[in-house]
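Below are two complexes that have subunit A in common, paired first with subunit B and then with subunit C.
Right, the complex of A and B next:
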């Protein structure tokens, strides 16, 4: 069986909802039924066949030509792989439970991996705001699994994150790990307001900008956790283990404005 | 006989309605055509009364538009925190009569208190109320001139961002340790004194302008108020959203089931702060037509110039758009239903200076009727 491949015919004239492009929704559908799936966001009634050339027949391996107007890529994924050649929009990997989503370009919309509980998302380029962050009204953002971003991410990364690992090879913007209740965020540099209102969880960076005074220095940190995390990252995302500080990093407990059981670890 | 003025590509025309109204009909017709042919129209601004918002939502349903209001801070910050964590809040009226400590958080709170003068007297409904204190948090040095206070106005963190002042107060209120403080900011003693002042209030009210904060800072402020309620009674008062933002969002809530922005392109309402943000839709090129409603303001924004626009504006407003229709102002030129910020309720407001101008609802209903397949 060949990978099910969706090749974009032209620039989408409107945002497209690709939440149907997951194995659980495509298995058992004929080529004609797949082409007839409604994916538009306006009255135009755009279908998958209008926008994409469709080839292949293996719904557990999906390939998509990317564009920033493609939303909900890999939403609710429960297994298999989705590979995007290019950019994606909002809600990529939202609430996914297992499987892998890879994006060769950048994530141009917010809420990458929000509410995901398992699986992995790998982005080669940058990502927008609220990576692993909660959507408005939701109790949790990322709640498991792994997100790896090769570039930098915007503001509110890991807002209300609950579990899982978010790795950013570049920089995170303002307010990373805010209102976090669990999980780990690793980045080259943490921005301002890092960890504001966090109850539990771990933020790790080479540097942190303008650390809030509600984080209390607790000395240096030499527990085995960092070595284990480094080994895990090198296995899952080669080249990212070096983001974890090597020797005696400084550790801060906080946010004392909230429960105060979170931590920020910096070189 | 009503008169409406129509500005058409810079040329102002005065036409009569109630008569064969060729020019008005033409403007309405062109507005309808412009919106009907759009793949993704947007209705923005939405500064109008209840009837106007209802008409706008009906039109949006007919043409598959996204609908947003200009008071984005109310939608993206206040209503988000309400959904995220819940809020404790009161009315201006309760704050005025009951509060023995008014806390102005951020410069917007001071500006509003002085501008609206809603707390300019101490009320007097409750003779048992103690003396009223006023406290400014992170107001950048601003102090209110029109808030009734018994004694001096105290302050904390004039040179600090609000989120930091709130965090320090929450930590010290919970008797938690805090890290090293900046030399030029308040010391621990000053923070503890303010925490004690807030805890000692019998009924404290914290005033905040959503335009000063993001959802994280407002969530922190609400968290501080919830913490204070372990020991005393404390609540918040949000600076009312501009351009009837609160009323418009309430109309949307009872009509579509959720607050603005909301999209009706799929034939059913989809609420999404990012996807249906009017400015984002227009500047990204996704929207191809805009209906701007500015009867209660604001003016047509600069970003609207990149998309064909129909503007409904009040008398004297400057607008550059494909079709500009002058409308009346509810509560001024004609009666309407608006939210009353003092009582936080809808209220009928009569016309102060009646003028023969059409209402937003009348114009939008006429546009809907002029749509291809519409029912005039």
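Right, the complex of A and C next:
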């Protein structure tokens, strides 16, 4: 069986909803049935076959030519792999439970990996706002699994995050981990308002801009958790283990204006 | 039937009788190898016989920093008991009182099996609400605040059923001093097998027992057939010039591990030979009807 491959024919004339391109939806469909799936976002009735050349027959291994107008890539994924060659748009990997989504380009739309509970998302380039965060009104953001971003991400990363690990090799914008209730965010640098209102959870960075006054220093932190995290990251995303501080980083607990069981660990 | 012997030492044509047990294991780490070993020795103390101690436990192997989950020096301890429920209680009490309390310690799963026993799942409550859960991949860790920082403990550890307890070797010799030297050498050799512990003091038992007693309350009593001061009894099993007997008992995760451990013990003891006072090797059994596993000494030569 060869990977099911979707090659973009031309620039999409409208935003496309690719939430159907997951193994659970494609298994058992013939090539004609797949080509007839509606993926448009307007009344034009665009189908997969209109926009993509389709090849291969293994729905557990999906390859897609990327474009920033492709939304919902890997949304609700429950297994298998989706590899995107290029960029994707909004809601990539949202609410996924298992499997892997890889993006060789950047995530141009917000809400990557929101409400995911398992599996892994790996992005080579940058990602936009609210990576692993919560969509408006949602009680929780990322609730499990692993997100690795090779570049930098926008604001509100890990907003209301509950569980899982978010790793950013580059910079994280402002308000990372706000209202967090669990999970771990590791980045090279954290922006302003990091962890504001967090109840529980861990933010780790080489630097943090303008730490909120409601975070209290608890001294240096050199306990096995950092070694466990470093080893986990090196296994899952080689090269990211170095983001975890090595020698006696400083630990701040907070947000004391909320529950105060969260922490920010800075090199 | 020709007599069995190894390096001039007589080998009784008998067998060790061993039982099915359940086992679990933990990896204990600390900032230094010294403190990892102290924590593990304390945790596996008073754990020689499952009847009176609730479990049989010992250090299986010393781990280098590369072999432990958190990159610190560590040891793996194995704990054998009757069943998973009993082991869970032992884990809670022993890790809670002896590892949690030990400076700088951390405790992780020591057996990678599907059936799991609670470890940090119960110990976390020591944190009184300040404990922090961290799930990395499929593994959940608990960070429990303590006075020297943080006690890190894995949520659960593995349970292995169908493991084996009660492999044994009896070393008979001319004098106590010579038998002790042989027994120490045998313990050292037997301990090199992975997945095997020797739960008695220094791996050695001097008070081997038989089933039953003249006193109704006693379920076990001294093994009179092997006691040198009881030579002259009709059931004495000792030669006139045998001065002392020491026993090694080994529990292991698999039949083959226990067998290999017994083999190394027998060979190490026999290597000293009659010249160093070692006369005979035997093994303990209950007639073969109580334990499912029989280790015949003739298979170990």
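The rule we apply is simple: the second predicted complex is superposed on the first by the 267 of 267 C-alpha atoms of A that agree within 3 Å, B and C clash if a C-alpha of one lies under 4 Å from a C-alpha of the other, contacts with A are read in each partner's own complex, and residues count from 1 in each chain.
Definition applied: contacts are C-beta pairs under 8 Å (C-beta built on N, C-alpha and C of every residue); 3 or more make two chains touch, one makes a residue touch a chain.
Small disclaimer: the values here were computed from a predicted structure and weren't measured.
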Combined model on subunit A: subunit C and subunit B, fit or clash: fit
Residues of subunit A touched, compared between subunit B and subunit C (which is higher): B
Partner chain in contact with A:197 - subunit B first, subunit C second, else both or neither: first
Partner chain(s) touched by A:261 [first = subunit B, second = subunit C, both, neither]: second
Superposed arrangement, angle subtended at the Cα centre of subunit A by subunit B and subunit C, nearest 10 degrees: 140
Touching partner for A:236 - first (subunit B), second (subunit C), both, neither: second
Touched partner set for A:224, first subunit B, second subunit C, both or neither: second
Touching partner for A:163 - first (subunit B), second (subunit C), both, neither: second
Partner chain in contact with A:178 - subunit B first, subunit C second, else both or neither: first
Nearest-approach distance, in Å, of subunit C Cα atoms to those of subunit B in the combined model: 15
Intersection of subunit A interface sets (partners subunit B, subunit C): none
Touching residues on subunit A, where the partner in the complex is subunit C: 144, 146, 163-165, 182, 184, 200, 202, 222-225, 227-229, 231-232, 236, 261
Touching residues (chain side subunit B, partner subunit A) in the complex: 39-40, 63-64, 76, 80, 83-84, 163-164, 166-168, 170-171, 174, 176-182, 214-217, 219-220, 223-224, 263, 265-267, 273-275, 286
Complex contact set, residues of subunit C against subunit A: 29, 69-72, 106, 130, 132-137, 141, 143, 149-150, 152
Subunit A - residues contacting subunit B, complex: 13-15, 40-44, 69, 71, 90, 109-111, 134, 136-138, 156, 159-160, 175, 178-179, 193, 196-197, 211-217, 252, 254-258, 260
